[in-house]
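Have a look at this one before I ask anything.
Chain nomenclature is as follows: A, B, C and D, assigned in order of appearance, with residue numbering initiated at 1 for each chain independently.
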Amino acid sequence: MLETTLCGITLKNPVIAASGTFGFGAEYSEFFDVSRLGGICTKGLTLHPREGNPGLRVWETPAGMMNSVGLQNPGIPVFLERELPRMRTLGTAIIANIGGGDLEEYIEGVRLLSNVDGVDIIELNISCPNVREGGMAFGIKCDVAASVVAAVRPVCAKPLMVKLSPNAEDITAMAVACEQAGADAVSLVNTFKALAIDIHARKAVFDNVTAGLSGPCIKPIALRMVWEVANAIHIPVVGIGGIATWQDALEFIMAGATAVQVGTATFIKPTAMLDIVNGLEHYCADEHLTSLATVCNILGTETPLP
Amino acid sequence: MTNLSPAYVEGTTVLSQERLTEDVYRLTVATTTGGAPGQFYMVRAWEREPLLARPLSVHSVDEDTVSFLYQVRGRGTELLAHLEQGGTVALTGPLGHGFHTEELCGRIAIVTGGIGIAPMFCLARTLPSGDVTVIAGFKSAPYAVAQFVNLGVDVRIATEDGCDGTRGFCTEIFDPHIYDMVVTCGPMSMMARVAHLCAEASVPCQASLEAHMACGVGACLVCSCATVLGNQRVCADGPVFDATEVIWHA
Amino acid sequence: MLETTLCGITLKNPVIAASGTFGFGAEYSEFFDVSRLGGICTKGLTLHPREGNPGLRVWETPAGMMNSVGLQNPGIPVFLERELPRMRTLGTAIIANIGGGDLEEYIEGVRLLSNVDGVDIIELNISCPNVREGGMAFGIKCDVAASVVAAVRPVCAKPLMVKLSPNAEDITAMAVACEQAGADAVSLVNTFKALAIDIHARKAVFDNVTAGLSGPCIKPIALRMVWEVANAIHIPVVGIGGIATWQDALEFIMAGATAVQVGTATFIKPTAMLDIVNGLEHYCADEHLTSLATVCNILGTETPLP
Amino acid sequence: MTNLSPAYVEGTTVLSQERLTEDVYRLTVATTTGGAPGQFYMVRAWEREPLLARPLSVHSVDEDTVSFLYQVRGRGTELLAHLEQGGTVALTGPLGHGFHTEELCGRIAIVTGGIGIAPMFCLARTLPSGDVTVIAGFKSAPYAVAQFVNLGVDVRIATEDGCDGTRGFCTEIFDPHIYDMVVTCGPMSMMARVAHLCAEASVPCQASLEAHMACGVGACLVCSCATVLGNQRVCADGPVFDATEVIWHA
């Protein structure tokens, strides 16, 4: 009933663990049967290992949290050797999320990930706001984003999903540019660039000054972006941003998302994604839907406001 | 002691809530999930706000209860303090790697600052009482020390305002040379001092670190601490670390 | 202690009621002494009266709310005749917030407001997301925004403050463009364009599909924008977005705001702004500050991330 | 009756919380702020979530108490229902323009649907009981009607499931021709029907409207309703309107 096809890959259901919030899948296996998920996005990978950012890395905000992890990861070679074999036993689709400091790093990273079995989709993160050279610059301007996508496309033998930043100047134009440059799907949104100040210390809470905002607080904005993007491109859209319940997930699907990713909600409740899968199942049963596609993108393309 | 594997359980019943001082409470809940000394739970006693659960160490444990000893610091712990008998909490745990109890032999010093005493009671219960000294520092009136005395453990107290025990910091009444093993928990600056003293005296030291957490299970990497092995996750690789591996001034 | 100068106008303190959330000042006079405020922004005014949007106009979100009022107002002539005389008795600075459907309407509206006593500052709203022709288009692209500011500047005899949209492609560049076009100050942010879907009805909650998000949920993003803008221009910045406590207000000031506006928080607690004024007073006393200017813009201009 | 002017008061004490049916409660609080029939309060019994307070009509009022009669609909009313005696609420009110009681003379019908009965008790208390008929519709079991009977008011009941009174809608047992004045409160569709019947019979009708609110005091314009006079604010220009002025199908 919930089976979903995402750029040629069959997912059991449209509920995917968002990158950076689910490790490499092992941690939450202790809490629930992760094979019930539609897929898992790996922690953001880079060609070379990274230690991530110094200083405080998390801060709570009203209905949200800011993080400044900064792409800490063991590097793609170590991922392939140590993590991927274990991930493949989890019984769900594996989406390798890849970040990069420069174009060369992206290309080489995608090449390595393309050559292995067990990676189903490559998610190109051009939008991480927490690394100095780490992709944010790629995620703001359409032409820059398109050039990254165009550069990795030839070496990418897997379906290529591009993860967009809500900090992009024009996220719809950005999605169109990525589609034209060869993306098979887009996922959105990554975290919003945000600031918190420690008024007692009279300085920014984070060493990097800004950090990425996620969680329920961003949902209304993310949903609007997904709707706008879904009506502008022909490749699938994966909705992300503050999804915590099956109703939230359904809103994204109705706005035009083929699948969704869940991040912060898992911290609030380890089994949140399971509840979402179950909730969507019941919804389909109650509404006599044979597929969620029936309710996908039902708002129409009419944009009453400029 | 073996670290137990975790579960997520909603609706865990509060058996008791005791107020020990102005801002320190002991909360006991009905759960069979247990926990080894130094392990912790992510605790949540509210629906939506604050967003994240709060890490609390296992203070005391038996077959079908777990107790937490906590200090009200902000919104989360304040809401915990509102809990009454019969109320419920959501628990994720037990989590993390606790104290390496197999290494704890000979004369053992437990050095704590403030609420850092919380994880030490269940640890002390597993140790031969005659070999253990608790050196506990407090801002003002001490709490949760009688139970150590009841175990037959030697307890020495330092208070910053001098209202009990020696006036000053616990590190001032701690001489590492007379111990074979040290375990410590408290503010980072205090643990750094303990670690330094132990290193100078070449006494092994285990420190239970603190960090702001989101997932608590090792999946998000927000709780990292700098160690000689690179960044480690306090929640999953710790919270207990060999003090010599921690880079204290990072 | 809290006295603040904003483009030549002396405010008792930096706490201003945000446009559209405080009517014309009369309503909340029943709850507290509004003369204790630094100023009041009027409901958004247009040359001609407007009925606003049909359908539901408010929806709650996690730590926020969406509104779709759509510039309902009696028109500037009626405002001048009926509301302004009453507002002038309130004993606080009056900031006339003006929206417009087209350039002509802005120009004529500013001209009318310029000719009267009792309006201290004109706040040019180029960013309302809730009117079809109502300014959103002006608030997205720098050059369009600059052309509006340049067009009204010659007819504006009052200090001109331009209210920026967080939906702008590049809010920093937008602020720079407005400064160059003659703005005396900028205020930011207006509401974020957002979406909510009624999954049972299978349609958007609002007739206009999207609506404007405000409240505590947007604070971390608004604060980041204020910091970026404050470091890019030389005219004063007024910080807006989710401010609910004096600590929030202080964060905006530390990020570089000369003054702040408070909107949604007043709905939560009618006397919220009074608490903020009192809180800032106590803060200054406790910290021995003779002026909040001491702690204004203390993060510095260094932007560690691109 | 004169509409009273409002105040914002935190920490108003709950004197009692009575559960009348599965999902209908009566909450009484200690306040001297009072209220005229048809006025309402913005009520808040939580700190941060939901964001906005909830409008509730004055159900009953005396010198130092105000009561609300409310139905649990969603999160806000659910949290209200958790209140216990001794708890506190934040109140903004009394707000709005209530019923034009000076116009209420002759034979008066009070037509209500569901929880729309809430504002009518304090209204009925101000009217000569012999002249008043309450025609109240409910989904199932009626509530809050005995108090009208105690006032000596004639009460007629319709229930959708037929469990009490006449089976069907209250509008089916309401004949406007036998009254001089009608007041109504309930779901918009039901009030539209009442307004239509009254207009046909040329009987004046006052309707107390509902709208989602943010400020509740007239400052934000989110609660507008379409009237022949243009958009009006339900909170400040109403909630009670002359039914002929409301554009019911807008």
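We adopt the following convention: a contact is a pair of C-beta atoms (placed from the backbone, for glycine too) under 8 Å apart; a residue touches a chain by one contact, two chains touch by 3 or more.
The shown structure was predicted, so the numbers you read here are calculated from the model rather than taken from an experiment.
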Show which chains lie in contact with chain A and also with chain D.
B, C
Please indicate which chain is farthest from chain C, where distance is taken between mean Cα coordinates of the chains.
B
Taking the mean of the CA coordinates per chain, how far is chain A from chain C in Å?
33
Per the centroid of Cα atoms for each chain, what is the distance between chain C and chain D, given in Å?
36
What's the distance between the Cα centroids of chain B and chain D, rounded to whole Å?
54
Centroid from C-alpha atoms only, then distance chain B to chain C, rounded to Å. What do you get?
47
By the touch definition above, chain D meets two or more other chains at residues 48-49
Multi-chain contact sites of chain A, meaning residues that touch two or more partners:
61-64, 215-216
Mapping chain-to-chain touches, which pattern fits: line, ring, star, complete or other?
ring
Chain pairs in touch?
A-B, A-C, B-D, C-D
If you look only at chain B, which of its residues touch chain D in the complex?
47-49
For chain C, which residues count as touching chain D in their complex?
20-23, 27-28, 30-32, 43, 51-52, 54, 56-65, 67, 69, 72, 215-216, 264, 266-271
So in the complex, which bits of chain D are touching chain C?
5-8, 44, 48-53, 90, 92, 212-224, 226, 230-231, 236, 250
Interfacial residue positions of chain C with respect to chain A in the complex
61-64, 66, 129-133, 136-137, 169-170, 192-197, 199, 202-204, 207-210, 213, 215-221, 223-224, 227, 242, 247, 250-251, 254-255, 295, 298-299, 302-306
